[in-house]
Structure formats: structure tokens, C-alpha cells
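Two complexes are shown next, each including chain A; its partner changes from chain B in the first to chain C in the second.
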Partner chain A sequence: MAEIKVENLKYRYPYTEKLALDGITCEIKQGEFIGVIGKNGSGKSTFCQALTGLVPTFYRGAYGGKVFIDEIEVKNVEVDDLCQKVGIVFQNPFNQVTGSKLTVYEEIAFGLENFGIERSQMRKRIDESLALLDIAKYKDRAPFDLSGGQMQRMAIASIIAMEPEIIILDEPTSQLDPQGSEEVFQAVQKLSQKGITVIMVEHKIEKIAAYSDRVMLLDDGKLVDFDIPQKVFSRTDLEEHGVVPPTYTRIGKALNLRVSETDTYPVTLQEAEQLLAHRQE
Partner chain B sequence: MKSMSLYEEKHSFLNKLSPITKMIYVVAAILIPAFAGEKMLAVGFMIFSMLLLMHSKVIRRTFPILGVSGFVVLTVLIIQGLFRAGNETVVLDMGPVAFYKEGLLFALGIAINVFNIILCFCVLVLSTKPSDMVEELVRKGFSPRIGYVFTSLFQLIPQMTDRMSTITDAQKSRGMETEGSLMIRMKAFLPLISPVIMSSFIDTKERAIALEVRGFNAKNKKTFLNESTKIPVDNVIIIILVVGIVCSIGWRIMTWLR
Partner chain C sequence: MNTIEMKDIHFSYTEKEEILKGINITIDERSTAIIGQNGAGKTTFVKLLKGLLRPNSGKILLNGTDIADMTVAALAKDIGLIFQNPNDQIFKNTVLSEVMFGPLQMGMSKAQAEESARKALEMVGLMNMEKINPYDLGLSDRKLVSIAAIVAMDTKVIIFDEPTIAQDYMGKERIKKIMKDLRAQGKIVISILHDMDFVAETFERAIVFAKGNVLLDGDVKTVFSQKDVLEEAYLEQPSTAKLCHELGYGEIFLTPEEFIAMKQKEA
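And then the complex of A and B:
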């Protein structure tokens, strides 16, 4: 059970004036799917790195407040003590390939070798993550010979093989074509169904609306809102924070379709359809 | 896949040997003749390396390497043969210039050493995957970080050059001249280097972080996916080679004491 607790987190990169994270407080429970949104420079990536301890262990800079993963305070431990609990996947799949391994299978083994996982256990975990990300058929290919979507799934598999309880994905599909993005989204959904906590930064707002249990809206390093997607996307000031709500929410607004219990607009096609059907009765 | 390695996948005796055995062979082929002070031993190793390479069907890959070094050695031979200080005995009189025995013999000694070293390294390099070689060293206690630098270079450099050509293409499609006179190309090169350097700088930093979160700096003892590939004959060969090295050192010490 990995619970994330963030208390008044403030952070400034070295040699900068502005706070990249400004007083963030929140809690995330095991198994939640959290979507993180906000305009460019709002602090999404910085927040992700603060959860893995890369901020402040790798980046240094001025740091205040506390981040706990379970009872461990992130800033007091080394990155490699934490990364078996909290995995992180980045934007560019190419830059996550180690470059020292000749096959996809060996590439996924990299982290496990470093942590001294015993060989039979290692093989079991690699096979599982290959299957989970649906890339078993490429296991003998050279890592650089994969397509973007396949390479990104390999990067995710490499993290999943370390069996983290939390996985953070920082715009994992932004460099992929629609086909590749879809492959990654489906893979991430499977991880979530397995009970892994997923924290995903993503600009494809429809996807965030469809998958997230809760949505975190950041602006200027501050946590503007952290609630169910319906609530966050129904905010009237959303566009002032640089976020365009999902199409169905905009349609809902235009047609004044509201979910009565929560007094929010729909965020997915399904919801919009239900409300429309309801209205016609 | 693109790779810079000279290694060729073959199923020969040499390929099956452990990289360590072949590395010790390189050391032995260089040290034994040096300690024993006997040129004929170097010639012997040279011939033996050639036989091994022929048996593995990779001898043809040594030709370009031998060709280039052969040219250098030939120059040494001519210069030493003609002008070496201490040249006395004429072997070939060509009117204004003459070749001398002392210089030629000296150059021949150099040639034997050079070709011996090149050939024994070929035995190692042409029959061993670089990654296997490094992994074997890491198993023996070599630093995994330095090992990583070596293995990743073989893949990352071709990838980076690929990138560079992508950027060149992009610049060309925006109307930049990359062909033509030297001056034109120099001008075209300048705007090219900054995106290349910047992007590889960012790539490197991102890759460093990606490695970090996969335990690259973890302090516990590493394990290996692949088992060490030593076969029984490896041990026999290693023992013979080590005994050879020790004997040649012993021989050298004895000659000193005498």
C-alpha cells in the first residue's frame, strides 16, 4: 500500500527566481488514476520529479515542505532507494533506451540487474511485463529498431518490471503518432486495472477525462483544483488556466446538460449520451 | 540494427570462447615475446593468430586493417633502411642511395611487433560482441559505469549520426545549402551544430535521469541476466597462457641475474 502525501511543497530550480512549485498540498491513495493538467510551464513535470525524489536529489535548488511515499520522506532517501516503489516514464522514448543492451528483453533487464534481482525472478518479471505491455513479440529485436509507440511501451515495461506501486508518466504520448498514443493509453489502463497507482501528465484532455479518477489542475506552480474530472472540467475559469475542456463538456455547456447530483457537465461521450437520453424522456 | 562493432555473428570455435580467455590471449601474445626477448615467438603468435582467424572465417576482415598499417610499416622500413644512425652493411645499392642491413632489421622488428599486436587484437575483436566483453569484465569487478560508457557508445554514436542527418535534411528542406563549395558548406555547417549540440546535450541529460531511475547508481551487488559463458576448454587455455606468461617473466629475471 503506497500512499502519497504532499504537504505545502515549494520548490525553486537553481539559478531561477520563480517558484516552480508553490505550496502544493494533496493526498493520493493506492490504485487511483490521477490526471495532471495545466499549461506549459505550470509545474507538472517538476511535480512528477518531486514525487520520485529527482527533485531535490538530482536537481538540487531550494526546497520546502514535505513529500511522503508511505512513511518515507522523499528528500531523505536516495533516488535508487525510491525508484523500486515509484517508477517514472518520460516524454521521449528514444532517450529512455539505455543504449547498452542489444535486445528488448535485455533492455528490460537493465534495472533488475542493477538492483541485484535473482536470475529466475528476473526472467519471470520480464516475461510478465512484456505480456502486460503486449510487446512479447518484439523481445529479440534491437531496442532502437522499434517504432515510437513500441519503444515507449518498452520503456514502461522496463519500469513495470521493477514492480513499483506507483507509476508516473510525464506526457508519455506527446511524441507519438495517434496509433502509438493509443497503444500507450491502453497499456496504462491495464496497469491501473492491476491496482498500480497511475499519475499521468497529458495534454490529450479527452483521454484524461475518460480515464482519471481525479484530475489535478496546476497553474504557475500552484494547485488550482484537485477533484473528479466532472468538477474540474466544469469550472468556468478553466480556460484562464490555459486548459481547454473536453469536447463533451463544451457540448454539455452549450446544451446546458448537467449531472444533477454533482451539478457538473459531462466529460465523456457516454455521460453526454446518458444525459441527452434522460432529457428526451 | 546499426552498430559500430566489427564483430560478426559466426558459430566458430573462437566465438564460443569466453571473452576473458581471448583477452588473456591478447596479453600473452604481446607480453611473452616481449619478456622472452625473442622475435621468433612474436612471429609464432602472428602465424597462430592468422590460423585462428582463418578457422573462424574472418581473416578477410583483417585485410583492410593490415593494409593501412602495412603502408605505415613500409614507410618505416624505407626510412630506417636508408637513414638509420649506425647503418653500416649495405644490402642493396641503388646508386645515390643504399639500403642498410641494420636499419632494415630494426624496422623488421617493429613490423613484426605491430602485426602481431594487430592480429591478436583482431582475434579478440572480430569474434567477440563488445557488450559481452564489457559484461564479462564487469562480472570480474570492472566498474559498471565505465563499462556502460563503452557498450553504449557502440549504439549511441550511430544513433546520433542518424539524428544529425535528420537535422541536415530538415535544414535542407528549409532551403539551406549543404552541398557545393567548401565556403558554402562551412556556412551551412554553423547553424547545424547548435541544434545538434543542444539536442545531444538535452538527450544526454534525459538519458542520465532515465538511467538513474532504473538503479544505475544503486549500491547493492549487481546480478546478470545472462550466465557467464565459460566452457571447460576456456580454463585449459587460460592456464596454458598464464603459465606461458609466468615462464617468460621468469626467463627475463634469470637473464638479469646472470
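And then the complex of A and C:
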């Protein structure tokens, strides 16, 4: 099972002047659920690509520092050597779908076929991921006939079926209705409880606060903070970094509610509810 | 005052499955959010308003005129739609020419179209970007280009399809302001949304679609008070309303600001 180690990672896209990633150092343990936040352009997606090796083996550009997945240094191997270990769900499912498959079922099979997975094993994995994302009823539909939300779930299912040790999700719930996005968070949490390391970029800040073990705050390519959600969201300078804290933290700050265990403001509904109910008594 | 009346609208793509099962709604000047599960019929509803799809039965009246007799091109002068993904909408190689395209198609002179485009760009906060290729802009700004392109057409009705997707906090705040400004200009603002907190902060009215029917319709506070009905439609309450519900309050508050003000008054 996989751990991630990033040492002073710097990266600049070709034909640009600014560093997209500027000196990032961090360690992520196996099975952790990491939420990545920051304003648009802060480096979130680029950081994800650096973990898959697409930066720098596909995107090229100027690269410094080191990224290790276990003992493997990412830039020294081909992307196809890493992709059994690290799976990525793209921000826009249109960019991920092969476009060559006629059904959802075949689309999900595509990655497994390329890995040469044995047929019965393949069927089992596809059925499991269809069930996990609740899209079994669409398995015979054409991928491009799906709605945005359904397609997003298919994209996640196709990665989960490959059983990566690390799964990276770049805004995987942007097109889902509230229940659909709750289901994706729960499905992903199950994966992390099974020991799969999860890195998720999301703007849905209340959900990140509720589900992440640790939150990574990026701004201008730099790692501003990497800590438990309570600590990161209680920062007084959060809005200067273009992130607004969860509703429950904003209420906690204004009403001076403190969670004693973490010595922070509340970040989840439960924390805020307990503190307010206690005050009422 | 502008209105859109939908009278007993039925629609299906195939014979087997009816997508809209008799919709009766009058949209008025209140800013209106259309919410509901993926597949509830929200986008179909919007395509009917645009005349891109035609109902199997029922009538749609725009300020009293039946749109059944109007072509898509004629309707485009009254009803503007901003696509969910700006990449599906934008195709010109400069911001200005993109935003001028709609007005020119509507028959404005080049000078008029340019004036209209510049006004729209000013409204969304993209002045001095006229010469940039929209694809050299970040997604947040590119979204604003797609909004300006519709605003420049000065339609009576502006429909947003999930405008907050991939927007960060600043981006959402800008879109919120644009919607409120359009509303103040007397335009009908309609938006499909999945972000309940954004709906609570921005809109006056919410219509909940579920399985081709209107499940709830009313001012946002009334709609978001009904936790059980919302859950039936696979929706949820906004964050602050959830807290009010958990605390057993009879009344919900829609935003943290309202909640904080109430608490501070109490103390």
C-alpha cells in the first residue's frame, strides 16, 4: 500500500514565467483522506498531475524536487508504470471518457482490458464499481447519452475498477446533485477506510471539512497549510488566500464557539450543533 | 413586467418515458432557482423555454404570446441561455468578438453591437480584456465571457445552467452580483443549481423538480424549511438551515449572517 512523499517540488508549465508549484514539501500516509483547497489557479490540479507523473512526463516544462510513491520516484518512470498504483479522476468527465466505447459497461472495462485483467475478475470489479456509484441501471447506455452527473459517476467508477492504491479526484462532484455528491463522498470514504489513499480537490468546503483527515491549503503554488480541518479552517487569514471557511466555522467565529479538544472553531454541523445546544442549556 | 407562463406542459424524448408530466408554472420578476436531482427534467425544462424542444402538449406563453409559433432564432432575442460549460459556448478568438457575436446575429449594427458588448463586459468586470483569446483566460474569467456574451444580447429572460460549477469563492461572489444586477434591471433571472447555499444566498424563489413534476414552489425560505420533502427529491437544506433544524428551531435561517444576527440579538 502506498505512501506519498513530496520534497521541495517546483514546476513551471512550458512557455510560462510563473511557477505553478513552488516548493511543496509534504508526506501523506497510506489510507489518509486528504482534501485539497485553494482558489482557482492556486496549483491544485497541477499538484494532482504531479502525483500521477503526468507532470512532468506528459506536460513537460521545468521541474525541480522529488515526488515519491512508496520508493518509486515519479519522474523516473513511465506514466503507464504508475497508473496501476495511482488513479486520477479528471475534473471534466468529457476529457476522461475514451470516446471509443459504445456502453458504460465497456467504458469501465477499458482500463482493465489494458491491464490484462482476467475476464471473470474483470466482470466482478465492473459490477462492484457500478454498484458503488449507483449506475448499474445505465450500464448499457452510450457514455455520451449520460447527463453530466451520471457521466461523472461513470468516470469515477472506471478508475475505482482499476483498484489503484492511491486515488486522486479533481472536483469529482461538481455536476452532481446534493445527494449524488454526498454518495460520492461516502463511497470515497469507504475506499479510504479500506486503506486506499485519497486526494480530493473540491470547492464544496462543508464536505471537505466533514470528510477529510487533513486539509491541504494551496495559494500561488505554495503550500500554505496542511493540517486537520479544524486547524486549517480556524486560520484568521483564510479569506486572504481566497477560501471562505465552512458555514459552521463562520458561525463559530462570530459567536465565539470553541471546540475544546482541538482548541479551534467548529467545522462540521455536528460540532456547531453540540456547542450551540450546550450553550442553550 | 415580464412573465413566462407554462400551462400543462408534457414532454417526452421517447414513447416509453415521460420526462415532464404536466408542468404549470408562472415565472415572474422574482429571481428563480430550479433545483432537483440529476435527471429530474431541469435541463429539458430550460430547452423548452428556449424553443429548442417543443412540448408534446401544453402551452408556453412569453408575456402572453404563445412561443409555439416562434422560431428558435426569434426566441433568441427574448431568451438567453448561458451554458453550463463555457467551452461549449465560446468559439471566437477574442473576448470582444465573442461578446459581439450575439448582438450582430440579432441584427444590430457593428457600432451598436460593440457598444452593447462593451457594456456587458463592464458589467461582468472584464474591461481591458477585449483583445485576449477567451481560451487564454482562466476558467473563472472564461465563464464571465460566456455570461457577457448573453448579457450583451439584452434579452428579457436570462437562464443560467449550473453557473457555479468549478467556480471558487470569488467566482461565485461575482456571479451572485451579476444575477442581482440583472434582476435589478427588470430581467427575468432563472438558474438551474445544485449548490443549495448559493440558492439560499442569491434567489427569491425556488422551484423543486422531481421525476417530471413540480414538487415544491415558493419563496426560498418556505421551500428550504421542508426538509423531508427536499430529501424525497434527493436534495438537502442549505448549511445554515440544517443547523437550525438540528437545534430544533421552528424557523430556519438561510445564511450564516442571518443566523449570527439572530444569536447576537438574543444574547
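Keep in mind that, in the parts below, the second predicted complex is superposed on the first by the 261 of 281 C-alpha atoms of A that agree within 3 Å, B and C clash if a C-alpha of one lies under 4 Å from a C-alpha of the other, contacts with A are read in each partner's own complex, and residues count from 1 in each chain.
One rule holds in what follows: contacts are C-beta pairs under 8 Å (C-beta built on N, C-alpha and C of every residue); 3 or more make two chains touch, one makes a residue touch a chain.
Just so we're clear, the structure is a prediction, and the values are computed from it rather than from any experiment.
Colleague: Classify the contacts of A:S147 with the two partner chains as first (chain B alone), second (chain C alone), both, or neither.
Modeller: second
Colleague: Classify the contacts of A:K39 with the two partner chains as first (chain B alone), second (chain C alone), both, or neither.
Modeller: Once the two structures are laid over each other on A, A:K39 reaches chain C alone.
Colleague: Give one of first, second, both or neither to describe whether A:V79 is in contact with chain B, with chain C, with both, or with none.
Modeller: first
Colleague: According to the stated criteria, A:F68 is in contact with first (chain B), second (chain C), both, or neither; which is it?
Modeller: neither
Colleague: Regarding the shared-chain residue A:P246, is it in contact with chain B (first), chain C (second), both, or neither?
Modeller: Only chain C; A:P246 stays clear of chain B.
Colleague: Could you say whether A:F90 touches chain B, chain C, both of them, or neither, answering first, second, both or neither?
Modeller: first
Colleague: Report for A:Y13: first if it touches chain B alone, second if chain C alone, otherwise both or neither.
Modeller: A:Y13 sits against neither chain B nor chain C.
Colleague: Quick check on my understanding: which residues of chain A belong to both its chain B contact set and its chain C contact set?
Modeller: Of chain A, residues 92 contact chain B in one complex and chain C in the other.
Colleague: Report the residues of chain C in contact with chain A in the complex, numbered from low to high.
Modeller: 36-39, 43, 84-85, 138-140, 162, 165-171, 194, 196-197, 234-236, 239-240, 242-243, 246-247, 256, 259-260, 263-264
Colleague: For the complex, which residues does chain A have touching chain C?
Modeller: Interface residues on chain A, with respect to chain C: 38-41, 91-92, 147-150, 171, 174-182, 203, 206, 239, 242-244, 246-248, 250-251, 254-255, 269, 272-273, 276-277, 280.
Colleague: Note which residues of chain B are touching chain A in the complex, please.
Modeller: Chain B reaches chain A through residues 1-2, 129, 131, 144, 147-148, 151-152, 155-156, 159, 203, 206-207, 209-227.
Colleague: Report the residues of chain A in contact with chain B in the complex, numbered from low to high.
Modeller: Against chain B, the touching part of chain A is residues 52, 54, 58, 78-80, 83-84, 87-88, 90, 92, 94-102, 105-106, 109-119, 122-123, 142, 144-145, 155, 158-159, 162.
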